[in-house]
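Here is the structure we will look at.
Letters are used for the chains, namely A, B and C, taken in the order the chains are written, and counting of residues starts over at 1 for each.
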């Protein structure tokens, strides 16, 4: 809401509603987090800053169990019955096929029924209904609202609306942010973390071609430890505008002793922005900025020292009028992956990409797809499992899943 | 179908089909009703005139049981299994997010699978298919057709088509009218009635902040009786064009000894139209028309004597070219609710609104939302329950619900 | 992909991917079929040429059992549990309400959850994603991809992609072609075959008004045999452009001793095209081409000697610029059915139509709908059953269905 609009007309109820929540939205994250949780459990999922390392590890463990149960027929039956009395609303006024389908599948794994509103013009807002009346209407019919919106803080404001409703004895449902504005997409960061968790277990035969892999790897990499702590992460491509880069980097900063290397063209739009740099520095994260995957840092080329590589495409759809011409003059090839570069990577280092990749830009050529380090397709499927784990946690059935899983595997 | 078109070209099959049903549609309601029922059970739901007081009370009782069972896990399992072998088609060529989602949720509560066609241009009608071929195609795949259309009598004609198919030994499925043309929206009227039924039970703690509420209320209102009969109902706002006002008023006229007060601006478009006035007079309903919520009728301001208030927004989307300018000259404030007016209402009198409300017009300011008399959000949720009750009745599982409910509550 | 485009620019990854599969697509059907099957079971459904007479008879028998079980409550429960752990993606970038809904219903009968992508512009392809990345993304979330596309060989290429993924140890799911380009729509041909199978059982009371019908018919038609072999099939209307005509004719050619009579206007666009004529001749099929349903062939009018009649509409949406004017000069009435013509048909001969029929052209007037030979509405419902049988076969639960069916009917 610009101050301009406040001058032009008396504020609408919609604007007053947003104003009403503005002061709450402006509070520091550590103050806000408790309002998004309840009794040690997730109540709403709004921003990445909600997730401590313990929560990330718990969610990953739940996702692993859901995944394992989904391979057994009685495990499937158990999961499908868990939340089959719950109805989800996917309110996606900003389109995203991938995130939408991933959430649908996650709901369905736990038996939830899905409903959707994707076109904002079909809603009653054209008849003068406020956004918050619409959301409250959804909360009348459904047990969960998963929302994706262009409005930066709408999901957060909706979470506070639901809290207020609960406080006044009214019906209230959980809100899950499936991407809002340019900043927050917390479940994307969760799936990236989960993919790294699985990669750095060094055990799962599906995610690695070698059995007993960890012991073998330790012969070549004697300092190798399991888990996300103590590792070197490379982020490559459109660092400046990559919402997923910002979210993942922030979550990785929770882990002990990580190094983040940002590989981006020397360009104010594409390279690391000040706000994220400052935030990471304040949290004491070791951080390096380079312009090429082959650049030498502390005596070793980046490509050879990273434990994981997070590739991104150039987000041309966000180009300003002068960007196009300017980017054409840049040499972007040092930010593209090739088969030769992959050959120089550590043998266990996973390659991630939030997808879609851009066939015209070519940041990851398809010839790399068969490399065992290429995780980007599994990463998509991981998104489904971690979102299912998130839903299980919100509805408090994660412990039930653990118990059932242990009963089942005890018999094996 | 205008007579003009009949002159211009040979009639299409579509037009012939509609003509074929026209004489049946033109019969009086009391003749038509038996064709929409079968063995004392609902076969199709087409217009409000189908529902006697007994049926309204039965549906409300079923809705109450479904609602109660939905709060118990084994009640949910029972309900989800009831109609999980049935597939519904929601054929909404006239959009309505709210009604659509409410029907979806109602189907899902009983385990039905939902399918939808919302964009008429995706259908085969562009290849020359008649409407009735399309409907019959739907009836091949699905077990129920819930339809919303701009064509006033399409749902009714489809009901006759289905009856004809059954008579000739062909597959036939129930038709539910989810709004047709400017006139009929029977399930909206049902949810309004159900909200009044719940309000005038004076018992449910969810719908009232005071326990033992009825006895307390009787001290202040000695003549207060349970139920819808004998009460004073206020309808306020766009009376002339409010489809929901017309439907609800007609259903309330079935109850003994009711008084209907219509509060509308003195304007031929917005105030009570002749046809509804005549219909209500013919049925012997006591009726008053005023221009303000504060107008005094028989010695008492309207706002103080009504037992229930039905608010509506001005339906600007139906404005003619001259309406806009004309309405701007009217003082519409006597048809808006304020906190001060609510304070003068009877302490038990529910405030209803078919929603969406109009934030620009402001017929109900949000500051009233927290008042215990504000029923409009619960009303939306009531719509889901009463529609589920309707589906249960159509498929003849309402008695099963009663039996299961009594078994369950006997043990409590 | 035109060679023109190859000149204009460096090929995109999308084009390279299609090229990569082109040589495999160009192989003869008999070489390709084994790659679409696995262990005697359907792996992908891509073209009609996959189906031998044995497979067609097996699928029909499975469809009959699914249909019968759907009439019993415990049969429904059994079916709904069969694949309720499977999630289908209906990827319909070429719209078709009818086929879409039929597949939805088929999935739902077996308990599968359905998801859809219908608008290609909502997909990530606008961000530079290749078609095959999109498909592989779908395969991450779902267990089956049912696809309909304007691109002639896309479904086939996707099947090879899935095979390659499986061969390299990656996740792979079945592909079902729900219509691709102008050529293949294999499940439409299956439903046509299934409708003929049911008609030529001469037993089912739902499909025939007379009980003990076969014995009665044999008195009038002493040579009448059960089944599809040895019969005379008439195809009438837009033979040249009718994708369903081509597919069904090709499948019928698998049966012994059939005669195919093509009834079409004498026009190069509408009458039998060379490629199909040549293909049928090569397979030794007896074939006749005439211009009217009443034309005399070997001493008897066509309408009186056919055992089944397959009607089609003129596909005006495929008219070229000169077709419109040219067709207006043709007398198309000899390719329309009338009540008088139906009266001359054999008393058991089913009338099929792939639907939608064209009310403006009038190839089948509605007055014929009540004739017991009119199968076109049942044909639509048959499509649902045969598609369910196909899904059961793909997921290997067809034998389970048989066993359950025999257990259930043994007790009857």
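Just so it is clear, contacts are C-beta pairs under 8 Å (C-beta built on N, C-alpha and C of every residue); 3 or more make two chains touch, one makes a residue touch a chain.
Keep in mind that what you see is a predicted model, and the values were worked out from it rather than measured.
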Completion exercise
Ordered by label, the neighbours common to chain A and chain B are C
Exercise for the section: Look at both sides of the chain B and chain C contact and report whether the same residue positions are involved, with over half shared, or different ones. Expected result: different
Exercise for the section: Would you mind pulling out the distance in Å between where the CA atoms of chain B average out and where those of chain C do? Expected result: 43
Problem - In chain C, residues with contacts to at least two other chains - result: none
Exercise for the section: Using the touch definition up top, name the residues of chain A that touch chain B in the complex. Expected result: 12-14, 17, 84-85, 87, 89, 113, 115, 117, 122-130, 133-134, 136-138, 140-142, 168, 170-171
Practice task
Enumerate the contact residues on chain C facing chain B in the complex.
Solution key: 70, 73, 76-77, 80, 95, 97-98, 101-102, 104-105, 108, 313, 317, 355-362, 366, 370, 377-378, 380-381, 384
